[in-house]
Amino acid sequence: MSDDLLLGPSITEDDVRRIVREEVAQAFQKDPAARKATIIASKGTLDWAYPPFILGSAAAAAGMDTSIFFTFYGLLLLTKDLGKKLKVSPVGNPAMPMPLPMADVFTGLPGMKTVATAMMKQKFDKKGVAKVEELRDICLESGVRLIACTMTQEVFGFDASDFVDGVEFGGAGACLSDARKSHITLFI
Amino acid sequence: MSDDLLLGPSITEDDVRRIVREEVAQAFQKDPAARKATIIASKGTLDWAYPPFILGSAAAAAGMDTSIFFTFYGLLLLTKDLGKKLKVSPVGNPAMPMPLPMADVFTGLPGMKTVATAMMKQKFDKKGVAKVEELRDICLESGVRLIACTMTQEVFGFDASDFVDGVEFGGAGACLSDARKSHITLFI
Amino acid sequence: MSDDLLLGPSITEDDVRRIVREEVAQAFQKDPAARKATIIASKGTLDWAYPPFILGSAAAAAGMDTSIFFTFYGLLLLTKDLGKKLKVSPVGNPAMPMPLPMADVFTGLPGMKTVATAMMKQKFDKKGVAKVEELRDICLESGVRLIACTMTQEVFGFDASDFVDGVEFGGAGACLSDARKSHITLFI
């Protein structure tokens, strides 16, 4: 007489339901969507360059399969001469804590964008936060996929050679195909 | 003697666990949340009008049950005379690639908003990207639900007749009720 | 002869699959990710203060386990003297419906930020929408976790005593750890 025959009769519908609930609870613990993060980076200023790269590298560090899709103004974040191009715009950011209060009119004057950019860079440097180029490198080294939006590339006339090595290319469809399998989906 | 009796004894707890794992893996493959996208459109400028309509229509094209909730400044994207109302604001968008570099002071001058708007429209037109009104129509035709935030409507004093046909109305609760069942949830 | 022996032989592989499918369908109905919302608040102006607090309190009201992570300019939304600090920036918001059209140049003039801020406050007050401080209190009272980004705190030099009582502190890792278990993940 086999073990099966001995065990068989003891499996009831209640047993099955108990086993199923255990397995399902475990399966939800390792829900594949909890291991995927899809970020859309749409802004092209120095300040807004930090969130996608910081969150992207943090997600990869937490073991997540992570991709950042660069579209719209965000495409600029993939260009080679990033450091020179990105600026902080103090206009429209009344929340930017300045060392000295500035009258709003000054933040609209030529030159102020340069001042704000320098201050932002200094603040991040002083506190040991990596520069944007370094954060981008960390993303690439930790396996974050950096994807350039092909439609934006066409509209704004970028050439593939404008971008750093390691960049992939894809459309909105590719982005959504990743996003629909991810719990973390952020439009930055 | 029935088949059940013959098969019955061969079902062990191990068999049950194997079957459950197969079924659960399949169920996650067709996770209902992977077929739903919920987008919140909160901005009311010409440039930021593209992302919700492009991503919304792409999600619908990929077979997803898609809704876009228009709130805050985004409510403007549902109005009838959209083409006249929407403008690009070059201020605060240092990343906007201009054909010629403009001193920052110029982007704050009256008239520059009109110039930037015309340039943006031309760029999108030239590359065969549909106009915002057309993208909105494509969304409606492909079954994307366009929902106007009732609270914003009250606060800013819009009338239901200000909006295009086919628009639905709902509050934050309705929006979250969709979003909590969606893998794709984007605040644009 | 036990019940088990009577029931046992009637459990076939088909029965098991049927039971599993029932249980899995039920499990997806109560998918734990559908009961969690993670919001990232990154902007620090009066207008953009509303969405995180309104969506956060609405999610809590719908029974969701909700956390809002305040980072970047958004950290300002957790400070004690919120009412005085937050301003609407009319520049860059061409969609802000004004009672009277304003030439763009005026929205860049000193003082206009104050006018826009007053108009926004008045609009929300008149329509019975709670003030930002009240919305923040509602969030805390309804169990929404308000988390200050420790990195931003360092970079911009905020002290823990600058923030209202009840605020927690955490890094990007803590934020992502919540987000990966949430269907609703919004970057505002």
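Per-chain residue numbering starts at 1, and chain names A, B and C are given in the order in which the chains are listed.
Following the convention adopted for this analysis, contacts are C-beta pairs under 8 Å (C-beta built on N, C-alpha and C of every residue); 3 or more make two chains touch, one makes a residue touch a chain.
As the structure is a computational prediction, the values presented were derived from the model and not from experiment.
Visitor: Which rotation angle, from 0 to 180°, best lines up the CA atoms of chain B with chain C, given as a multiple of 5?
Guide: 120
Visitor: Any idea if chain A and chain B meet via the same residues, over half in common, or different ones?
Guide: different
Visitor: Just give me the whole-number Å value for how far the CA centre of chain A lies from that of chain B.
Guide: Here the centre of chain B sits 18 Å away from the centre of chain A.
Visitor: Note the residues in chain A that touch 2 or more other chains, in rising order.
Guide: Touching at least two other chains: 8-9, 11, 16, 20, 24, 31, 33, 91-93, 108, 183, 185-187.
Visitor: Which residues, counting only chain C, touch chain B once they are in their complex?
Guide: 8-13, 16-17, 20-21, 24-25, 28, 31, 33-35, 37, 47, 50-51, 54-55, 58-59, 61-62, 64, 91-97, 103-105, 108, 123-124, 127, 129, 183-188
Visitor: Which residues of chain C touch chain A in the complex?
Guide: Residue positions touching the partner: 3-5, 7-9, 11, 15-16, 19-20, 23-24, 27, 31-33, 40, 42-45, 71-74, 76, 85-89, 91-93, 108-113, 151, 154-157, 171-173, 176-177, 179-183, 185-187.
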